[in-house]
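We just call them A, B, C and D in the order they show up, numbering each chain from 1.
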């Protein structure tokens, strides 16, 4: 399940209403994600509990991997004017009546608490800039807390967006101390991390210690081309599609649960460099969608797969 | 709301399980569509009622057009082994506790009761054959009860699929008597009608009298080309995309609520005839999706729009 | 280079005009494919030679893999009323002034000589029927000479289209004698072979002996899933796209030069069976495009890649 | 035909090689566009002439609207090391042997002479920034000479890219004097103009006087929604696709020859504001492709249509 547990101490940013952009009273919207063994009564229990608190369910998505012995995944978005006041009590009830009774994992987050994201990048800017740009346009339902890079190249660019840029070089291949510095910067400050063409291997220890989801973007091909120079190999094979995959990072890099994928059409007339440009275009679109959906709690991990309620 | 009220007298066809293709005991799956003014408690009321009957909700989709003064649309798919036995009692409870209390329109259907469809066609066969073919492959979650045409051309083709073909010519422009014959064939026999390139105008009286939803497919262009010869006009304008739209038929032909749309890319090198072929390809795909979604009760009409839970 | 050398003894089928469907005089259209080391003068030499014969070039596509040391690929479609009469002389001139001078491989075919294709299939009918259907609709610029299957299941279906069906079982795993029978059926009778879900491995000997191009269709995934049950693996990984690839068959099955690819979007709500259906839909579209392009001499092989002039 | 006549006085920018990004000697690439009544011999004449000058044709695209009485469109890209030196002589030969003999319109441009573009914009930045960004990344085969706006809002943003920003307000609805100022800024300085969400009507006089092609981007819907608030109308109709169209501007605004189109999928769950965001995403992609193709002389106008050699 996505680590969307909110940190209570953070002051809420201005809420965004999905339905009325000029609402006089701020909507207070909560999102409850639930995952548990499938069985009768769970929808009724969740919705009944929310009804008791006076919440109005504005959207509910549910998926079951199979009625017998399957898992149930549920995303409920609700409006509850006094959510901040009653939150503690609501969470206690959820734990006792849903968590314990149905063996459910769950998380509650408020839309007003926008997730904070750190973007890690090396030298390639297309994914980074697309996210910063959408952020400035108000399209990204998350706050960009910082950008971390192993290169200084993009510092000025990033700071023009009002976002801090931390250059953390990898010195003499000492990845351990680099990752320690990453953890010092990230811990407590962000709710998820995005690798926007960060070209360093992430260690399993880092993934464990950072304690928040990490999203990566990489190119995809039909068929897959293993090893160095995948675009050249794709050119040599004459592929007609170039793709990109956004996924959660696990210890098996590039093998984690897929959040989103897309492709773009290419032809023999495209040079290897053209393929790379087309790939960059599809990468930034796919990553932007994945980050948005994660930030809106639309993605639930399930084994090495995901449930995406879009 | 889609007219999915089931006719109790029809013997159920073999049920299809979504999850296990070789289930020893047939799953009994019901679908409840609800539409009502949005407000707190409706999800809880529906799911609580289903839980009382021992139903297991396997999927629930909900959409609200806005929490204040909006409409709520809900599709609930549930498993209930003794649905046939308790159905009458369940419907009475739904009407009293959902219909009356929340001012809800609703309909209940069982997956075992496959919808029966009539396909109307003129001379062009691509949409018709695609539906018949999918039907034979077991891909279409509906039973094709008959094909009606104003031409005799496709009779042999259709009958090879084991489907009756009724040739109802339009004599001397006497559309009224033609439509009366259509009604005699259709009334009580089908749950919806598909116009698969049926090139006659349907009257408002027919739409009213037939009493079941009618789905149409037509080509779509960016921009729209009004009047005769749209493909030639599209060619003259040099459009780069050819599309198709499947929609419910209202008295404003081609202006009814859209169920599905798609496009295919074309170029200057495509002749007008090529554009028509590409258009035919996208038409049959779009119509097949629309028919499938309608047959699975995934489409709820809302004014001149639709909610499609896919 | 595609083996499009025409067999002079075959009577031409009625020609199809690209531009005027009701032309009183049949257009005589020829297609010249040329591949040679890139260098100055080749376009001029080809077009000059055709001009001498009074041919009118109606389309010319050319691609160079690089001006220094690259290969040049050229497809020229021209109109030449007395092509049948002057063909022998034209071919001699091409060989002496293009073939010898520029070290070019080339092939000349007439549009009136539609390519003859054999379709090989096992039990799955979606690709086969799509091709037969398009053939009957006049959409396929090739003649379906026969269908060969290792199973009897689809015989009646195929024969309804007026196409002979040969059941050649694989007895006791004796693939050699099966392939000998294939060769007896195919040799001299077809210009290319399409594996439309033919689930037997083709031997290198067969590929060599059959002497005509063989096109295959298979599903594609991002990433690739090796081994048995790829759809289940794709489901487990939660892929968001299902694809298909049509390619020329080489001894490395599924690794030959790609002709066409496409994908369709799927979601977590699609069961493994749904993925297979979606895959079937995209397979038949991709194969139909690949077969059409091959039949129109639009595909030139280049190493393990292809140049596709669409 | 696109107004791609090069201005000889402008110093060439560094050439870009399509094939080798680190070529020691700059490739000198020329592009010849030809449009004339179709007839035998034209390809031979063009390629023969280029061969005489020692040019190596690296790509040649040709399209004929029909062999009898049709128009022929041809784009030839060639390498000619001493193009700058022989250009005048080459042009004279083209005019005498192609222009006069075949009644051809033609234009010759050198890849080294990148086209200069002015971008006009109001307040909406997504198309503008996408072009500036691609320009900085070296993806745009054109030089952005200036940005002109009727609002001051985007000045700082644009100047950070090193591009001049001219604020030309429309005072008291005096469009004439505004357009005169536009002409003073543009005349002689740019090879084409891009309206990147410039929300003012362009007069026919301006189009005539500016003397260079003007490209516009606008949203597209299936079906079209006329008048104000098209996104709200699209929402009300429940469209499933949102599109964008890039086209040359003619006096009939939004009715000029289409260069490129694309769509993005939307659903009932997308608010009107979401539709606008999705529309913005597809607009910037479509405009970037149209600008790139125009800058590379890949687009030939033909009546109210275009031939696009991609």
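Structural remarks
Simple rule for what comes next: contacts are C-beta pairs under 8 Å (C-beta built on N, C-alpha and C of every residue); 3 or more make two chains touch, one makes a residue touch a chain.
Note that the structure is a prediction, hence the values are computed from the model and not measured.
Steps from chain A to chain C, minimised over paths through touching chains, total 1.
By number of C-beta pairs in contact, B-D leads when A-D and B-D are compared. Where the sister copies chain B and chain C meet, the same residue numbers recur on both sides for over half of the interface positions.
We define each chain's centre as the mean of its Cα atoms; on that basis chain A and chain D are separated by 37 Å. With centres set at the average Cα position, the gap from chain B to chain D is 43 Å.
Multi-chain contact residues of chain A (touching two or more other chains): 19, 59, 63, 267, 269, 310.
On chain C, the positions that touch chain B within their shared complex are 18-19, 21, 59, 125-126, 129, 133, 137, 139, 160, 267, 269, 271, 273, 277, 281, 285, 310.
Only residues 19-20, 27, 38-44, 47-48, 50-51, 54-64, 66-68, 70, 79 of chain C touch chain D when the two sit together in their complex.
Those residues of chain B that touch chain D in the complex are listed here as 63, 220-224, 235-241, 243, 245, 254, 257-258, 260-263, 267-269, 302-308, 310.
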